[in-house]
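You will see subunit A twice below: alongside subunit B first, and alongside subunit C after that.
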Partner chain A sequence: MRFARYIARRLLLLPVQLLLVSLIVFFLVRQMPGEPTFLYTGPFATKERVEEVRRQLGLDQPIHVQYVRYIERVIRGDFGMSLRTSQPVMTDVRQRLPATMELIGYAVVFSVLIGVPLGVYTAIRKRGIINRAVFLYGMMAGALPDFWFALIAIFVFFFHLGLLPGPIGRIDLMVSTPETITGMYTVDALLTANWAAFFSSASHLFLPVLTLVFIYMPLVLKNARSAMEDMLGSEFVVYARAAGLPRLMQWRYALRNAMPPIITVTGILAWFLLGGAVLVETVFAWGGLGQYAVQSVVNSDYAALQGVVLLSAVFTMLVFLVVDLAYFVVDPRIK
Partner chain B sequence: MPTLLAIDDLHVSFETDRGRTAILHGISLDLEPGQTIGVVGESGSGKTVLVRAVLGLLDAPFAIDGGRIEYEGANLLEYGEAELERIRGRDIALTTPEPRKHLNPLTTIGDQIAKVIRAHADVSKEAAMARAVELLGMVGIPDPELRLAGYPHEMSGGMCQRIIIAMALAHDSKILLIDEPTAGLDVTISRQILDLIRGLVRDRGAAALIVSRDLGVVAHYCRDVAVMYAGRIVEQAEVGTFFRQPLHPYSARLLRAAAAARDRAVGRAEATALLPPALDGCSYAPRCALAEPACEASIPGPAEPAAGRWVRCLRAAAIAHGEVAV
Partner chain C sequence: MSEAVQVPSPASGGIAAAAPIPRAGGLHTFARFVGQRPAFLTGLAIVGITVFLAAVGPYIGPYPTETALPGDTLQPPSWRHPFGTDVSNMDIFSRVIAAPRIDLTIALVSTFIAFVFGVLLGVISGFFGGERGLARYASEGIMRAADIVQAFPVFIFALALVGFRGPGAINVIAALAFLNIPFFLRITRGAVLQVRERPFIEAARCAGNSEWRIAFFHVLPNALTPPVANISPTIGFSILLTSGLSFVGAGVPVPTPEWGSMIAIGAPNMMTGQWWTALFPGIALGISILGYALVGDGLKEFLDPTKRV
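For the complex of A and B:
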């Protein structure tokens, strides 16, 4: 019951937080150098033409009036037009968000599926070749730029071995995209049993996901290892051991108690990758949200940028809501 | 009497960046069926390290530097983890002084007790839960059925202590290592629990090592007492004679401190947390009123100045014969 109340409170708080974010973003965006009207008029327009466009875009109004108008439209689901793509920001986002979600979704899932067991293993077996190898990998991966690894991976797997498709986006040009349900190709292909689309999109996902997992998984791994080490040394595991519980059970006690920090770092990874995967998106011509955000900044595309930032804020808040809920499930003390 | 557990010349040290510190300097202690030994000494003297060593719980940076711990004809110090797992909690049970830290915060009390039961008994989860209820009842927890679904953080420290003791009683162990059982318990409950342990020892031929800083507990519930100081047992005797006439200057000081504390209605021995530096002579010499130059020249070995009295003090014979007063 308290659980439901807690969710309700968090969800009610969400709009308030978003309003705050929108306010900050709205004013910050307007401090950026560059003038969006040039996108319309070109750099050589007359002063009169520029003024006219500014009037059309509402940029001649006082800034607080602009803000109120913007919020009114956002509440109606209208994030304005992107000056660069000449499409509603909502339409742009609807195309790009699933691409990014699919990419970072797999990256996070595999980082956890591989990083947590490796972290737990190396916490338990403190010696041996695997431990050494994992340690070296963790040091190295933390020092490599992701786009560089991506280029190497493309060189090896596409150019040299020819095993995987090149960096040309999310699916083969010859394969038609699956019917849109979620917008994530592998998911939609599975849902519609479209195997050609599934294999093609999965093979295109392989290298970017590999890159992200290789570079960012150590975050999860190191965290899982240190949390597990702490818990293995904790008094209740020592006591479980003293009481004769088998090692497997001691490890389960420890892992269960190591879950909260692992959940947190998973949330942080997901949050980070939403923007942090932009170079990998660029290398693989992924057409995701990160690329869109960068383009919006470069072109002073106010509406698009505000939309993306607001969306990222929503995503961030949802991620940490899920993190909190997971804590709630794992740790009875929080109730 | 055959011995149940024979600790012989146990040496334990602790390794840090700055080198190795010896913690136990040759502890010898025998435990017979039906015997309860009270281990007393200020905090930091090595009592907890001693009982944990018996169960093979000392991992690096602790190291066992020598000695034997004989149980059922085998040396426990040579046991591997799998062999130790078989006897821990079943043959030899341990309780701990910080009960709240020693319970898993994320699972229920019932689940934790059931796991301890099922670690050594091939019974169903339901049967284990029924036994858990019985054990909680034994240690005087009201409404034990209701407690099973509770979590450690919902219980008081005293309640957690009793849960730990209930777990230690799960398998009718032959040896009970009871480390500061009364910390955080009120007098009535401590008495109830110590009565319970005494009953088990008497009726089942078990034996107990009760570590306590409360000399009153030792006087009431133990047959013998072993006084630890700086990683050594400096005096061991039957409780009655010990309290009548302590022979080691440190024992005498403990008794005086306890008497003074009793007058202040506290009832605890004095506590200093620092392990005194290892010396070439008697480690108590810096604090001893009877120290003489010889005390700093060599470490006093265990001597028997009177029948049934074992003391590590150069002047024990003189003290026993009343030539000097402690």
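For the complex of A and C:
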């Protein structure tokens, strides 16, 4: 019962948060220097023409009216037209979102699959070469720029060893893209049993995912280790040990109770990766939302930038909502 | 490096109250503490080198840092050019050691601004949280605003802030400062919530001090340890963000020597085998960030007496 009420409260809070976020984005756009109509009219427009465009854009209205109109448009999913692609921003985003989700999705999955076992292992075995190596790696990876690591990986695996494709996007030029179902190439290729497309897109995914996992996995690793350490030292595990339960069972008890912080950090990881993906996508010419954001900044495509920023905040809120809900699943005591 | 030494010095009496550092010979204690920790010492050395290079780096390199040399395109590392040359004939070594000037300045200034605003807002929101009236609304409002700012993925928000204002060092500083305020705010608030329950605050109140005076003259100095310990890692993080912004062309404009933009210049060459173009600026960047993180870890340990033996 309280669970349902909690979810209802969280869901009700979402639109409020979104409204505040949109307010920030709205005022951000008004930070831009110069006359916004300039982008539409060019430098040689007459005064009348400028006035006309101002009216069309609603810029002659008072600011609160402008905000209300902006909100009305956003609710309808209308983020305006991109100056660069001459398409509605929403259409651009819909085309690019699957590419980013595919990248982040694999990065999250592999970070958890590698980071959690390593974290648990280093919490249990406090000595030894693996522990030392993991410690050094964690310290180093946190200091390395992801875009630089991506370039080094390209040099080694593409130029030097010739094992993997270069940074030319998500799939080989010679391979036709799989039929669009989810928009994620590997998933669509599997669903349509298109093996050529699957192997091509998987090989293109390898380096960007490797980069993201290498740089961001320590976040999961360190948190899994400290959560596990806390639990191993907690009273119920000490009791289990005193009662003579087998080692494996003690560890299982500890891990089960270490899950909530691990889930939280997985959410934080997804949030981080959305930002990190911007740079890695740029390096690999990935054609996802991150690259779209960069291109819109470089080309002063404000409508596109505004849309991406707002959607990235929506993404963040949804991720943290899912994290909060996942708590209930792993910890029945939260009721 | 000087500020790293001053931090735990007994002159700032507030820290001494939170962490009982002996009044006499604070510097001596610090030196001995550093001597026992090679990682901390390494970090301090790296920080020292970056500060030194920020001061004189642009003048000590063997070649000019913003002008092309005739005829030395994409030379591999040699005695003439220790780190090689890039596609526009510039000497990479000279540019790598000149880059801390801009990178460190941006990071230091933005972190300082974020620290000042974050600590002030943190004291207000922590000290007046749960009170009645206007102060309570101020406290709540500050926290909700911080929530909203932190709802955006960090790099995308930085990109947007710079994107809407245009590239350039000043706008990068403004963006980074703005982004880091909630971070210092939360850390300070956490410390304030603990300090305000301590008996000497009660005593200050009994002595007839006004609430504002208690907040800023009694609570604030004693809640400074956590935010101060986080200055150094924040500087490292800001360097990383600055280089990322410059890498995509939204930070410091070329040809100013800056590690991120140098990596961007070298990026196309990495695919054709000229590894030195992006390798060296990246190593310099990684080592610097590592150094600031190590100093942060060391200071945290030094300022937290429970972790010291």
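By our rule, the second predicted complex is superposed on the first by the 299 of 335 C-alpha atoms of A that agree within 3 Å, B and C clash if a C-alpha of one lies under 4 Å from a C-alpha of the other, contacts with A are read in each partner's own complex, and residues count from 1 in each chain.
The rule is short, and it goes like this: contacts are C-beta pairs under 8 Å (C-beta built on N, C-alpha and C of every residue); 3 or more make two chains touch, one makes a residue touch a chain.
Only a predicted model underlies this, so the values are computations on that prediction, with no experimental measurement involved.
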> Which of the two partners, first being subunit B and second being subunit C, lies in contact with A:235: first, second, both, or neither?
Replying inline: first
>> In the overlaid three-chain picture, which partner chain does A:148 touch, first (subunit B) or second (subunit C), both, or neither?
In response: second
> Which partner does A:298 contact after superposing on A: first (subunit B), second (subunit C), both, neither?
Replying inline: second
> Between subunit B (first) and subunit C (second), which, if any, makes contact with A:24: first, second, both or neither?
Replying inline: second
>> Looking at A:257 after the superposition, I want to know if it touches subunit B, subunit C, both of them or none. Which is it: first, second, both, neither?
In response: first
> Touching A:243, do we find subunit B (first), subunit C (second), both, or neither?
Replying inline: first
> More residues of subunit A are touched by which partner: subunit B or subunit C?
Replying inline: C
>> Quick check on the superposed pair: does A:134 touch subunit B, subunit C, both, or neither? Answer first, second, both or neither.
In response: neither
>> Help me check something: in the complex, which residues belonging to subunit A touch subunit C?
In response: 17, 20-21, 24-25, 28-29, 31-33, 139-140, 142-145, 147-149, 151-152, 154-155, 158-160, 166-167, 271-272, 274-276, 278-279, 282-283, 290, 293-294, 296-298, 300, 302, 305, 308-309, 312-313, 315-317
>> Which stretch or stretches of subunit B touch subunit A in the complex?
In response: 52, 55, 57, 81, 85-90, 93-94, 96, 98, 101-107, 115-116, 119-120, 151, 153, 164, 167-168
> What residues on subunit A touch subunit B, complex-wise?
Replying inline: 234-236, 238-247, 249, 253, 256-257, 330-333
> Across the complex, what residues on subunit C touch subunit A?
Replying inline: 144, 147-149, 151-157, 159-166, 236, 240, 243-244, 247-250, 260, 263, 266-267, 270-273, 275, 278-279, 281-282, 285-287, 289-290, 293
